[in-house]
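In what follows, structures are represented as structure tokens.
There are two complexes below, and they share chain A, which is joined by chain B in the first and by chain C in the second.
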Partner chain A sequence: MYEWMDTCLVAILVLDLYILGTSRLIAVIQATIVQGMLLGILPLTVHSQETIHHWILSISVLLSNVFLMPYLAILLIRKVEIRREVEPFLEFTPSLMIGMAIAFISFWIAPYSQKILQLPQHFPRMLMPAAITTAMSGFIILATRRKAVTQVLGYLVMENGIYIWGLTLLDKMPLLVELGVILGIFMTVMVMATVCYRVYLRLGHVNVDELSNLKG
Partner chain B sequence: MRDGGVLLWLLLFLPLVGVAVCLVLKSPRKILLTTCGGIFAIGAVAAIAIAIVIIRGTPILAANDWLLLDALSAYHLLVMILTFALTTLFAVRYFGDELRVNHFPTSLARQFSSLWFGIVASIMTVLLSNNLGVMWVGIEATTLVASLLISLHGQPLALEASWKYILLGVVGGTFAFIGTLTVGISTYRLPVETSGCLMWTQLMACAKTLNPEALKIAFIFLLTGYGTKVGLAPMHSWLPDAHSQAPAPVSAIFSGFLLNLSLYCIMRYIPLVEVATNHARWSLRIMVAFGIISIMISAAFILVQHDVKRLLAYHSVEHMGIITMGLGIGGLGVLAGLFHTLNHSVCKTLSFFCAGRLGQLYGTHDMEQLSGVARVAPVWGIGLFASILALIGVAPFAIFMSEFQLVKAALDNRAMWALVFFLFGSSAIFVGALRHAMSMTWGDTAADKSYDKANIIDYVLVLFPLGLLLLLGLWIPEFLWNLIQNAALIVGK
Partner chain C sequence: MTWHWSSLSVVLAALLLSPLLLGIIPRVKAWFAGRQGQPLFQVYYDLAKLLGKGAVYSTTTTWVFRLGPLLSLSTIAASLLLLPMLEFPATLQFSGDFLLFVYLFAMARFFAILTAMDTGSSFEGMGASREAIFATLTEPALFLSLATLLKHNGTMSLSEVFLSAAPLTGTTMILIAFVLLIVLLAENCRVPVDDPTTHLELTMIHEVMVLDNSGPDLAFITYTASLKLWITSNILAQLLVAPFPEHGALLRPLLAFTTMVLLAMLVGVIESTIARLRLIYVPKLLVGASMLALLGFTIAR
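Then we have the complex of A and B:
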């Protein structure tokens, strides 16, 4: 029943590892575009009565994750003139290793947590591992990269993971709330990009480690 | 639409009208005055809605139960309009001074006013929504608007604070969202209809049958997520930066209401978890622990503080810790915690007004240079001194009363460890803050400081909150006490 969904989720998980291991920002953005497309397909792979609900959700995710947010991100990296992440606090190879470890662990704990949360037996197996790995990859990028621009991309990846987790409530959550959340995430990326650009205009750089004058 | 429902719609849409009007107006002075008028109009509508809730004694529901104003949200709405009305008046005074020296162009005025109305709109979304998902969206919107307000003037340090806040804010928001989703998952086995899975009233109605394990997991995420925005230690690191770098009116609403708003969200989940786990006090113990950590950490930082706005920011961490501890103790503690919310908000807006104005006059927030403020600007200087006295719990101000009730609640519930830590922490803060306040107020004045002449608005802004704190310390009006009691019943049945 969930073959297509599981296939999409595996692809998303592989993309997470690619994002963790690469330093070129444009490559990260391209990977998030592909992730966004897969996220858009996900609601359509679930069979249910509420087809219109799924289609609207799918279209709004595609609009936001494939067009608007990547466009904003590309605009931002052009404006602040940064092409790649240099010398992150955690190097690329170790962060890739951690990402893989998280993927393994999440596969291992998924059955237990599904039992605790009393999720049904026929629940898609890949959903929880993919959600945890994606969210954690995003968090690793957000927490360990030196450029504020990369942190914005990290937030984007993190929210992709949360969106996957949100699919557990696909038929239970009203469409209005889902659209509100998608709009909220888009606005967040927009405001983060704005503040990041203002930092660049005012200080001439977007290095997070130099933003440390406030202490105590 | 049932009676009163239209008021809730008005509260949601009036701020948006305000945004539109402020974007059209051309002169900065007009924009500021319109903002002031708009906020007072919204306050009047809110007051009617609150009065209906108090008099009728039942919640107002509207829009197919999507909008809800019960005692808990009405009480927070009351705190909100009080702080916003005062702060907007102060903003006119504060930015009016910048206007006189041409530091406040039309573009900045428009930015400020539209963000100001924007934050009111998002706060209304949080307070009035019955759906926990929409509540989350409102909190996210508040975070975004607030982060833009922090760096209103675009100073490098303010931008740094803004970035730190936004980064921690979005991580906290993500945690809170995971928690919200998990609350939805706890209804998985129940035949809840589509729109009901995140409706607070429906969840409360079937709270006994929810999956307690899922709710426990959800509560941990919610407490850390929303707790980040409350400024509970150890997730408080953004708070002193944001409070110290934001323009004074923004610091005032940050400390006066935005922190409480996130705490309000946590309050909505406490009864769910407690009923589902059969009143095992599981969530309450965690709340007490977070409260104690916040009080202790803020005490340590208050002792070594140099910047007056950072000092006040750590006081916020302390008082949020006290309220959280009160909620965790339960029973009378909830009542004390909610009463403390009002007292702290009134007092903290006053202290940020004074600190902000003195900062403007002196050009610094360093407490060593802010010396002898009582002589240079008597109104603001004495106001700051009195508000710090109130903050550290000197009788007969209202904060003393709520802290006294908290001690009583802790004794009644035999929460001895909480009591010991609370007394130890607040005595340390008492000594530390009093030392800072004395030297600031009565210390030697630099010779070149000229005497600041206060006008009538200054007197109102200082004397009204002080009078209110004094009044609430000695006598609480019956309608207010009933409202607080009903709100407390919602949090801790």
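Then we have the complex of A and C:
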């Protein structure tokens, strides 16, 4: 019944692990682009009466997550001339393992959370774990990487997770809320990209741990 | 505990055909480089030549060095009895046989490491240490892939997994097949983990461990390597052909064997097209493979 959706979600999970394990920023951006495409397909795999609702969501996600935000990110890493994340606070292999541990735990707690949220019985079993894992991998990147540029990308990944989470409530939540979230994230990424570039212009690097030196 | 004596014929086939599988890889590489390449049966000739020679032993070595290759070969040969091959049940089948299989498989490597350490050469000790760490990281990947298959079929025996009526399909199968391919490359010391043709001190792993072995001992080691390639490609091939519908008794074993030959060719293609990973990235690849296998285990039903 949910075969296509499950395939998409497994691919998203694999991409999460890839993003956590790689140091090359361009690879992270490419992975978020592929994730964005899969996210665009996801609403169409949900069987529902309100198809127009799903199409609008799908197209807006494709526009923002596949074109606009990766474009901004690529522009940013070109401007600040950073190719790799070097020596993050948490190494890549441990963060990969933590990401997988989160996936394991979220698969374990998903049935309980579905019961609490009173979601229907035939609810797709991978939606909730994929949402939690993607959001948490974004959070791990946001919290443990040294470069501000990588943190912008972590924000992108986290947004993908929140979007999957929103899909669980697709029939209940108005379209406007969903679109508002996407727009908000887009603005945030744009602002963060601008800030990063300004910091780079002023200081010549975007290492966040050295920003505390600025405190008076 | 169940014995399938008729499966001994498949074990015999494995013992006879495995050097052929090892001979396919250099042939594909030669074809990629535009050369004629060695004969397909070159490994048999090598084995025959080496068995006819005498062995040279360094004075620093002990009986461990002389016994190692033989023990390594015999543990691998013993693990053949526990593995269902070419769509036939394993010769010896019992609940939990996969544990014994994986550990027999790992024990062969343990003896290879002991042999290398016994030479007292710091150079071989370095190779042994690398072999040990990569083996440690490959083992969870192999275990978790097998565990995924066992979980899917709700059994504890390998024979029931590969002969099951409801084999693993879909995304989980792709994940596990990918992990098993990396396990295949790592266990057989192939590119991107190790380069079997290298003779550069700093990058050798498996090759450096067998530098001191000669004559029959080297023949045993080569034969062990070919059996390892047979076993790992056999597991992957059976996973890949399992979803195909049943047609006749002989067709499926033939299909499985063809897949194994194709996998050997794929190893040749991989070796010709991609470079070997830098040593520090190999653990990352292997841990990544283990994590993918764990993901497969988590989503399998």
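Here is the rule we go by: the second predicted complex is superposed on the first by the 213 of 216 C-alpha atoms of A that agree within 3 Å, B and C clash if a C-alpha of one lies under 4 Å from a C-alpha of the other, contacts with A are read in each partner's own complex, and residues count from 1 in each chain.
Note that contacts are C-beta pairs under 8 Å (C-beta built on N, C-alpha and C of every residue); 3 or more make two chains touch, one makes a residue touch a chain.
On a predicted model such as this, the values are computed, not experimentally measured, just so you know.
Considered on the superposed chain A, chain B and chain C are sterically compatible, since they fit side by side.
Between chain B and chain C, more residues of chain A are touched by B. Once chain A of one complex is fitted onto chain A of the other, the partner contacts of A:Met187 are limited to chain B, with no touch recorded for chain C. Residue contacts after overlaying the shared chain place A:Leu169 against chain B, while chain C stays out of touching range. Contacts of A:Glu3 after superposition: chain C is touched, whereas chain B is not reached. Within the superposed three-chain model, A:Pro120 lies in touch with chain B and out of touch with chain C [touch as defined at top]. Once the two complexes are laid over each other on the shared chain, residue contacts for A:Ile12 go to neither chain B nor chain C.
Of the two partner chains placed by the overlay, neither chain B nor chain C lies in contact with A:Ile82. For the combined arrangement built by superposing the two complexes, chain A sits at the apex of an angle of 150 degrees to chain B and chain C, based on C-alpha centres and given in steps of 10. Of the two partner chains placed by the overlay, only chain B lies in contact with A:Glu159; chain C stays clear of it. Remark: least CA distance from chain B to chain C after fitting both complexes onto chain A is 24 Å. The touching residues of chain A, counted against chain C in their complex, run 3, 6-7, 10-11, 13-14, 17, 21, 92-93, 96-97, 99-100, 103-104, 107, 126. Residue ranges on chain A touching chain B, taken from their complex, read 116-120, 135, 139, 142, 148, 151, 155, 158-159, 162, 165-166, 168-169, 171-174, 176-177, 180-181, 183-184, 187-188, 191-192, 194-196, 198-199, 202-203, 208, 211-214, 216. If you check the complex, the residues on chain C that touch chain A are 170-172, 175, 283-284, 287-288, 291-292, 294-295, 298-299.
Every residue of chain B that touches chain A in the complex is listed here, in rising order: 131, 133-134, 136-137, 140-141, 144, 147-148, 151, 154, 156-157, 159-164, 166-167, 170-171, 173-174, 177-178, 181-182, 184-189, 192, 194-195, 197-198, 211, 213-214, 217, 240-241, 244-245, 301, 304-306, 310.
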